[in-house]
Structures are given as structure tokens and as C-alpha cells.
């Protein structure tokens, strides 16, 4: 049985959905970060597989840049998390609700 | 056959690991399973012939990002279970499940457009007498994607400095807003609500 | 001659400007009265000269300048002085001159003396435009102009308060003025429609062009034009059902009533029908003409019946005017245009005299109008008594008097035409006319001096005023003697009306019948109100409770009908519409605004401030996007 | 004289900007002099205007975005000339009538001058985009005038005015863009030039939708029933000067739009829609006149009467013959003069007594005779008395419309009845009868400032009523040219039949 692009894409979709469930379900900011990472990785898989399918390197390039962005995000995000934790003593989203309209 | 087995092993393992990440109450477990999942995804990359990407994945994610997370964990109490109120779990799973279903349906549909030409075909470097994914990537990255690459580098630098400053010495008070005024704001909000 | 036309036309205008611009704010200035009276007098002299000229050399036609020209329409300010208009000019300027002079005495004590003369002269100017214009649009200028002046003059004592209908059927001068104006506007709409019809089918509004083109038009069209124009005439001449304003218009100063509501403006409708005689004498519009005649006869009787029981001295005269207008329309409708015009002129003289006499009485009685409160006034007001007597004789149509010739001619015409119903009505009305006019005279001047008990100290009008009224009295007596001359003069322009041989033969008997009826009327009045044993104090209570008396005293409930079925529903509908406007039309607009406001208010609830909730929303959005992408992918 | 139109448009705006640095005390004098110069310029335009030429004159053209054919393109013909003059005149008199103790006088003057620019701009533009720009810009100063100097509900009224008219104009903008697109499809070049559009032949279906788009912009501005409800609010809350300019000039933008855009560009649709417009206009004439009768507030009576008279103007526009169309353009002018004067008069009494409720007055004729006289003249002009300015337009409109529908004309003609009903009721309640309040006995008659503002209007009312020719003639020429253009442009035979340039050819 040949493993085609569909397999990779379906995997990517399932992983993305898992990350999505995480984003929706978790209230802890750190967990949200994890979920985001999962989603980014899912997308990376999709990029790499499509690139492979077309025999085009652009897919890999995008995945590469996504990794770079993810890395920056983690760096800045964690810094912010630490500040938040110092301020509120918690990373729970419900505690930090200052944007009520 | 070899690819078949490898794919399914990697696929099922990552799925399970990531599920653990999302579901686990313990941050440590989550993080560990996440790291493991990342490693397995790099395996997928290797399978796809994206060797360089797989390596980057290992180095950046599993090496750097996970290390950052672990350091960050030291600021938070990681041993305690995370207490969360789960509002409407059914809705969440429904949405997630629906999304997965849509993806599956979408991607299992036959793909059209096989005649699309590759813009930067694999094996570009072979013309230059060298072969291998890393070489190809290098060639594309430093020609076509040079500017984005440099921008990404700059972005990483900025992020690094930002991370250092945010998590740095002056952690006692907010850098964006004065705490006192923030409290006042909170009070006002409460008043308005009342 | 051209200059004379302009002098006749603009002399009153100059007078109006003189009084209005320079003296409007100053207190009573005798100069204004003198100057304005003389200017009208000059207009009269010009009119006389013009009349002589017209009699000799025929019509004078001048075009001053163009007024409106748009598209193919071109309306000039053109003036036509022919036999018909010069007759009207003579009547108008003569009566106006006398009324002006009379007013200098009558309005002597009024604060707004100057203003009164400004209005009065402006009215004469408008009336002159009306009669002199050579096209329908110019006629309409005068038509509306006299309407406005009438509005100003009826409402001259605007400071008076509104009374209830029971206290004063006219409510107040300003109310009566508005009523007159609005009711006239109803008719004016008809006239406008007539003008439009003429324009779109003839292409011009000039009398000569229009009348030449008439035979080429379709019958239905001619009937429409005739009806539309007559509706206009009905309003100005207060024909049923647009008549209620005329009696209410008596709220104005008496000289105004004499000039506008007896001699000139109200006859404008008759003038229009006479002017448009080429139209109304067409075979195609015979039905309309018959309707005009029938309506005239009806109004003659209808108004006379109301006059029988009226107690207000001015109302009686107003109703008699209405009745006489009916006579004129009857004559015009039957095709006897020159007789109608003759009666118009004769009526102008004796009715103005009657009004001015009534004005003298009112002046003497401190504006008391109820004839039950007068009586025996001939001792103190001999001059007025004589004048009113002469006028009443003329009105009743007794021999020698002007009214005898003109009215008799109309009655003869009806007989000649074979319209015996009209004839019968007119004859009976003649008897009634004699009764009510002498009832008024006897009530006022004969019998017990009831006014003494009420504390009045009447005295007659200034001498010069009485002298100034003399020409009217002379004409009221003698105008009829010139019937043949008039006939010869006017039939150059108007179609002649020949009595048949039989009618001619029967004429003395017919005339005799009318005279007998008139004398009977006078006799009954004498017996009842002035003769021996007559007691004017005593009122027939039983009769006053009867249905007929109530019907007549309430003007056949027509004003009430208007009030309840037009005015009140209109007011109510207006208020309802306003509410609808606020609630529905505006409400709908506001609803749209409120909906967007509300939707913002509702979606504001989404803004909980909880980031996880936002994430959920984002998730929903992402899912929707993906689904949309999937659908397009699957379809595309 | 080459750039006179640009000078006319931009002089008030530049003067307005300079007005910011003028000393507070002399702001009014500054405003008066600027407006007077503007009026003189407008009169100069008239003096050098060739009345026999029905086409556009003094045109200026300079491209702005040539890729899309958007250009600065202005011109004047007999139709727009007098509206511009009237706008300048009304602005001048309105500024003269301003009380010296008006708060924020400087801001008022500046907004008025900007408003004048937009008004003049709208009537002179020959490019759809420039037209639209001025059209929308005119809302801003008006919004400010109502919102800053208005009555207690001024914010509601101002917002309603703004949003309502703005919503309509946006749909109109879509129409304008669609029009340009269709022109591009047809000719291959982009153009927003009106004169180019006049040459474009559209199918009846296209015309139908474009007409609706234009209609929504213009009808709300007119305002046609049932889109009129912003007007009583705006008038009720606006300061006197705001009402005067709103009634006199801004409303005319709607009817002018119909004349300039809908009729010549979409002749077939205009004829198709005539019954619809007629129905709305008749409702407008009768219904709003009745509503006016029910009002207690003097200003509201005049506001609703404005709507009623605008109905007559609309009827004339869609009469499709030289009499009706020319009459309606004349009526635009006369209504501008008369309603402007009436609003000024209401403002005068409001300044003295602080109320506009008619029942509070009574007997004013005795207390303020000059005021009553001026009011009376304007009232008579408003009800269309011959020899006043009001009659000429109304007569021509009804005359022209008779060709379209006899019944419609009779219904519309009731305006002379019900119009006099509410106006005379107003006059009787306020001016006749006994003086109802003691304090009204001491009211001062018109002073010199008010007379300066009002007497010119009285003079115009009489002058143009007696001798309308100088104005009627150029209007007539341009209107005939417009009708010829419509006739040539029409696709359907039935349209050609409905348009009557001169009935001599029909008869």
C-alpha cells in the first residue's frame, strides 16, 4: 500500500484538530502554547508533504520559516507569561479577563 | 512497505502523544509528550525526504524550544496539577471533531491539478554536481528566499532580546502598564458592572 | 387711449402704494382718504372717457409686457377694453369711488384708517386687472388678487376673538376671512384646470385666440372646459354649495361689504361667464348652460328663503346679494348675457346703496346688527332712511326703479326660453325679495323705537357722506331708463337676446304679475312689522320652534354640515396622519437605527473579557472558514 | 472670467480657512463681506452668461486621476446658474440675520462658508466623482451646524439627518460607479464626465437599476415621501440659519440631481418610473400638507410645507415637457427664496419669545405690523398668489403636469387649497385674534438687521412674480436642450412620445 499525500494531509488535519481542541479546551496559558505548537507542527507536515508531492522546495521553505516564527513566539511568549504569572500568580485565562466590553 | 510501516508508527504515535499533551492535567506530562511528538514529526519529515527540515525540527523544537519551556517551568509550579474549569467540553470536542472530519473528507477527496509544474524542483543542486536535500535547501534559501531569511534572522534576534528583557531583571512590575493604575481600572470596571 | 387704460388701471394701485408704503405706520391721516378717493375718481373719469371712446371707435387693446413665457406658453400683461370690460370698469370705479368717500366717514374713528385705504385701493386695482385682462391668466391674477384683498378686508378687524358658532355664526373676522379665501381656492382649482385644458388644446390663453379656436374642439372637451371655468365662477360668486363664505364675510367693515361682497368681486363669476359667452353659447355646452341657469334659480330662491328669517341687518343684505347673483346666473345660463350684465350693473348700484345705508345704521347703533333692537329710526336718520327705501324699492323690482327693468328682463327671459320651472321660481323669489327687504326697512326705520330701551343714541352719518351716496341713489332709480341705450352699446360685443313674439306680447302681464307679487310682499311686511297693531317685540315662539324656521335660520345646516363633515374630519385626519408620520413612517426609520443599535447591544454580550471565550469564538470562525474552503474545494 | 467657476467654488472655502485667524469680534463682518463678494461674483457670472446658449458655459477641465477618467470638470448652464446665485444670496442674508451674540460666531461663519463651497460645488460639477464629493461634504458643515447650535434634541436630529442622507448617497455612489463601469464596457475608456455619460445608450434594464440607485440618493435628499422624516427633525432642531440653508438650498440638491442625472442619462427609466414618482409626489403633496396642518409648532408647519412643495417640484421634473420642467426649476428658486424667508421669520419670533408654538402667540399683527406684513407677503408667495414668485413656478408645473395626467394634476392642484389651509391657519393663530400673553405686548418689531435680511427677499418675491422673464428665459433654453437630449437619447418609442419639447410638433 502506497503512502500518498492524502495520508500525510489527513494526519496533518488530525493533528491540527487535536491542537485546535487544545486551544479551545485549555485555560492554562502554557497549555495553550503547547496546543499552538501542535497546530504549527501539523501545518509543517502539510507543507512538507505538499512540497514533496509537487517536488517543490517552497513547501519546506515555508515550514522552515514557520519554525523560525514559532521559535520567536516561544521566546517572547514565555517572557510575557512570566510577567503575567508574577502579576496574577496564575496562568489561568479566566483570571486575566480585563477586556470585558 | 518500509515507508508504510514507518508512516503508521509515526502517525499513530504522534497522535497519541499530542492527545496526551492536550488532555493531561500535569504540565510536565504534557511537555514531555509534546517533545516526544516533535521528535516523531521529524521522523515524518525524513520520510518526506526533507532531511534538512527534519534536522531543524530536532534542533529547534526538541532542542531549543523544549529547553525554553523547561526553563520557564521553573518559574511556575509544575508539580501541581493544572486546575481548569472546563466550560463546555461537548462543544469543544464537537468543534474539534467536526474540524478533523472536514479535513479528512477534504484530503481524501481526489486531488486535481497534477499537471502543476514545480517551481523549484528537488534536485536543483544536482546541476551543480552536488546532491542532497541540504544542498537544495541551501541553494533556494540563499537565492530566492534570501530576504525573508534575513528578516527571519532579525526577527529571531528581536524575539531573543524581547524574551530576555521581559523575563529579565525588572520583573517586579509591569512594563506596559503601571500596576496601580491597573488596579484602579479594575475597580472602575467593577463599578461599571455594578 | 393707451395712457387712459393705464391710468384707469394703475391709479388705484398708486393709491394703494401711497397709503401702504408711506402711511402704514402713521396714525390716521385724512390725506390718505382724500388722495385715494381722488385717485379712484380719476380712474372713474378715465373709464368714462374710455367708454365714450369704445362706443365710438370700438375696443382698445394694449399689451404692456410679457409676463410668463416657458415652453410654448406665452402670457403677456395685455389689457382689453371693449364694451363688456368697460361696463365693468365703470361699475367698479364708480362704486369704488363712492365707497372710498363713504369710508373716509365710516372709518373715521378707526385706528387702522390708512391701512384700510391701502387694502381697499389694492382691491380696486385687482378688480380692474380682472375685468381688463385680455387673457385667462391675467384674469386669474385679478381673480386671486381680489381674493387676497377680500381676505385682508374681511379680516380687517383681526383682533376680534373667536366666538362659538352659536354666539356668532361667522365665529370671527379672521375666521370668516380664512373661510372665504379657502373656499375661493377650491373654486380656483377648477378654474386652473379649465385654463390648463384650454392651454393644452388651444395653445394660447388669449381670449380672441381661444374663442376663435372653440368651434374646432371636441364636444366633451368643451363641456369639461365649461364646467371647470364655471366651478371657478361658483366660488367667486358664492353659488351653492360654495356660498357660505359670503354671509360670513359680513364680518368685514361695511364699506367692504358694499364694494366687494355686493357690487364687484362677487359678480366676477358672472363676468367670467359673460366673458366666455362664445363658449357657453355653443350648442355642445348647452347642458352646462342650463345647469348654470338652474343653479342660479335655485340659489336665488334658496338665499331669499334664508333672508326671510334673518335678524342680522348685514346678513339680510348679503343673502339678497346671493339671491340676485342667482338671477344673474340664470340670465347668463339662458344665453341672455347682456341682460345678466345689465342686472349686474343695476344691482351693483342699488345693492351698494343698500349696504352703505345699512352701514349708516350700524354706525349709528355702535355696530349693533340685530334689527330687533332697532325700529323707528327714520326720525333720527332721515337721509339713510330715504336711501335704503330707494334701494329696497329697486331691489324689490318696483316700476321705474332700475331693478324693475333688469329683473323683469331676466324673468321674461326664463319665460321666453320655455324654462317655466326656472321662471316660476324666479317669480316667487321676486315676491320673497320684496318681503324681506321691506321687512328689514320696516324693522329698522318704522315702528316702536326699541333702541331707546337699549340705551343707544343714534345719529345720522356725516352730511358729505350722504351727499356722496346720492349718485348711487340716482342710478338705483334711473339706471333702468337707459336699458335701450345699454342694449345698443353692449350688443356690439355680446350676442343679442331677442324675446319671441309671444313673450313680447305677454310681457305686460308677466311684469304685472311680478309687480303684484312684490307689492303683496311689501304689504305683508307692512302689516306684520310696521302697520297698526303690529308688534315687532312680539315674536312668534311657536313658529320659531317649527322645523322650517330652524332649517332656514340655520342656513339649511350647510355650515354645520361643512363643519362636521369636512372641517372636523380633515382636522382629525391631519392629526392622525401626523401620528402615523411619527409612529409609522418615522418609526420605521428609527426601527432600522434601533435594530443596528440593538444588535450591537446584543453582540456586546460576546465581549465577556474572557480570553478563552474569545478563543472559542475564534475556533468557531476558523471552523467556518475551513468548512467554506472545503465546500469551495469540493464544488470547484 | 475663465476661472470664475473655480473661484466661485473655492473662494468661500479659502476664505473659510482664513476665517480661523479672524478676530472673534469681527467674525460676522468678515462672513458678511465674504458672502457678499461671493454673491457679487455669482451675479458677475450671470452678467457674462450667454442667455441664448443652452449648453454648458465657462467649463473648466483638468484631469485628476486620468487612468479612471476622474477629472475636475465644472460648468454652468441655465438650470444651475440661478440655483448658485440663490445659494450665494441665501447664505449672505442668512449670515446677515445671525445675531451678534451667537455663541462661537467664528465657527459658525467658517462652517457656513464651507457649506457654501459644497453647495456651489454640487451645482457646478460636471464630473460624477466631484459631484459626489461635494454632495457628501455638504453634510459635514450642516451636521455641525445642527449639532452645535441646535435645540435640545440636536444630536439625535443631526445624526438622523446625517445617517439617513448618507445611506441614500452611498447607494447612489454605487450607481455612479456602475454607470462609469458600463461606460467603460461600452467605450473602452473610463470616464466620470457627465457630458460623456449623456452620450451613452443603456438598455432599459440597466436604466431601471441605475435609476433606482440614483433615486435612493436623490429621493432622500428631496425628501420624498416616505423618506422625509429626517427633515422635520432637522428643521425642528436646527438653528435658524441651518433651517434656512437646508430648506432653501440643500433640498434642491435632490431635485437638481434628478434633473442633471436621472432624466438625461436614463430617459427611458425616467418615463417608466413616472407613475411611481407621481404617486409618491402626490402623497407627499397632500399627506404632508395635512400633517403640516396638524402641527402646533410654527417651524414644523413650514418644514412640512417644504416637503409638500418639494412634491410639486418633483411632479414638474417628471412632467417631461418644457413647461413642467422649466416650472419646477423656477419653483426650486422660488421655494428657496420663500421657505428661506419663512424660516428666517420664524427665527425672528423665536429669538424674541423663545417659543415657536403658535398657541402662545396671537394678535402679533397688532404688535409687530411690519413683521406681520413681511410674513404675509411670504405666506401669499407660499400659497402661490399670482404676481408673487410662488405662482409662476407652481402654475407652470401644474400646467406641464396636466399633459401627463389630468387626475394627477387635480390632486396635485389641491395644494393651492390645503396649502392655504395650513398657512392661513398658522397666520390666524399667530397673528390674528387677541394677544394671548401679556408679555407679547411688548415685542419689538423688526429691527434694521432683520429688515436688511428680509427686505431683499420681499423685493425678489415681487420682482420675479411680476417679471420672471430674465430668469425664466435661460432656464427655458436649457430645459429645452435637456429635453431634446433626452428625446434623442431615448431607446423606446413610448419614451419619445412622453417627452414633449414643443407641442407644436405634436399638434
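We call the chains A, B, C and D, going by the order they appear; numbering starts again at 1 in every chain.
As a working rule, a contact is a pair of C-beta atoms (placed from the backbone, for glycine too) under 8 Å apart; a residue touches a chain by one contact, two chains touch by 3 or more.
For clarity, every value in this text was computed on a predicted model and none was experimentally measured.
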{"item": "Chains contacting each of chain A and chain B, listed by label", "value": "C"}
{"item": "Of B-C and C-D, whichever chain pair has more C-beta contact pairs", "value": "C-D"}
{"item": "Intercentroid distance (Cα basis), chain C paired with chain B, Å", "value": "97"}
{"item": "Gap in Å, rounded to a whole number, between the CA centres of chain D and chain C", "value": "37"}
{"item": "Averaged-CA centre spacing for the pair chain C and chain A, given as whole angstrom", "value": "94"}
{"item": "Centroid distance [mean C-alpha coordinates] between chain D and chain A, Å", "value": "62"}
{"item": "Residues of chain B touching at least two other chains", "value": "91-92, 95, 99, 102-103, 106"}
{"item": "Junction residues of chain A - those touching two or more other chains", "value": "20, 24, 27, 94, 98, 100"}
{"item": "Chain C: positions in contact with at least two other chains", "value": "612, 616, 619, 622"}
{"item": "Complete list of chain pairs which touch one another", "value": "A-B, A-C, B-C, C-D"}
{"item": "Touching residues (chain side chain A, partner chain B) in the complex", "value": "1-3, 5-22, 24-28, 30-31, 33-35, 37-38, 41, 44-45, 48-49, 51-52, 54-58, 60-61, 63-65, 67-76, 78-83, 85-87, 91-92, 94, 98, 100"}
{"item": "Residues of chain C touching chain D in the complex", "value": "24-25, 65-73, 137, 140-141, 144-145, 148, 151, 155, 158-162, 172, 174-175, 178, 181-182, 185-186, 188-189, 192-193, 195-197, 199-200, 203, 570-571, 573-575, 577-578, 581, 585-586, 588-589, 593"}
{"item": "Residues of chain C touching chain B in the complex", "value": "612, 616, 619-620, 622-623, 626-627, 629-630, 633-634"}
{"item": "Chain A to chain C touching residues, read off their complex", "value": "20, 23-24, 27, 32, 93-94, 96-101"}
{"item": "Touching residues on chain B, where the partner in the complex is chain A", "value": "3-4, 7, 11, 14-15, 18-19, 21-22, 27, 30-31, 34, 37-38, 41, 44-45, 48-50, 52-53, 56-57, 60-61, 64-65, 68-69, 72, 75-76, 82-86, 89, 91-93, 95-97, 99-100, 102-104, 106-108, 111, 116, 118-122, 124, 136-137, 140-141, 145, 148, 152, 155-156, 158-160, 162-167, 171-172, 174-175, 179, 185-186, 189, 193"}
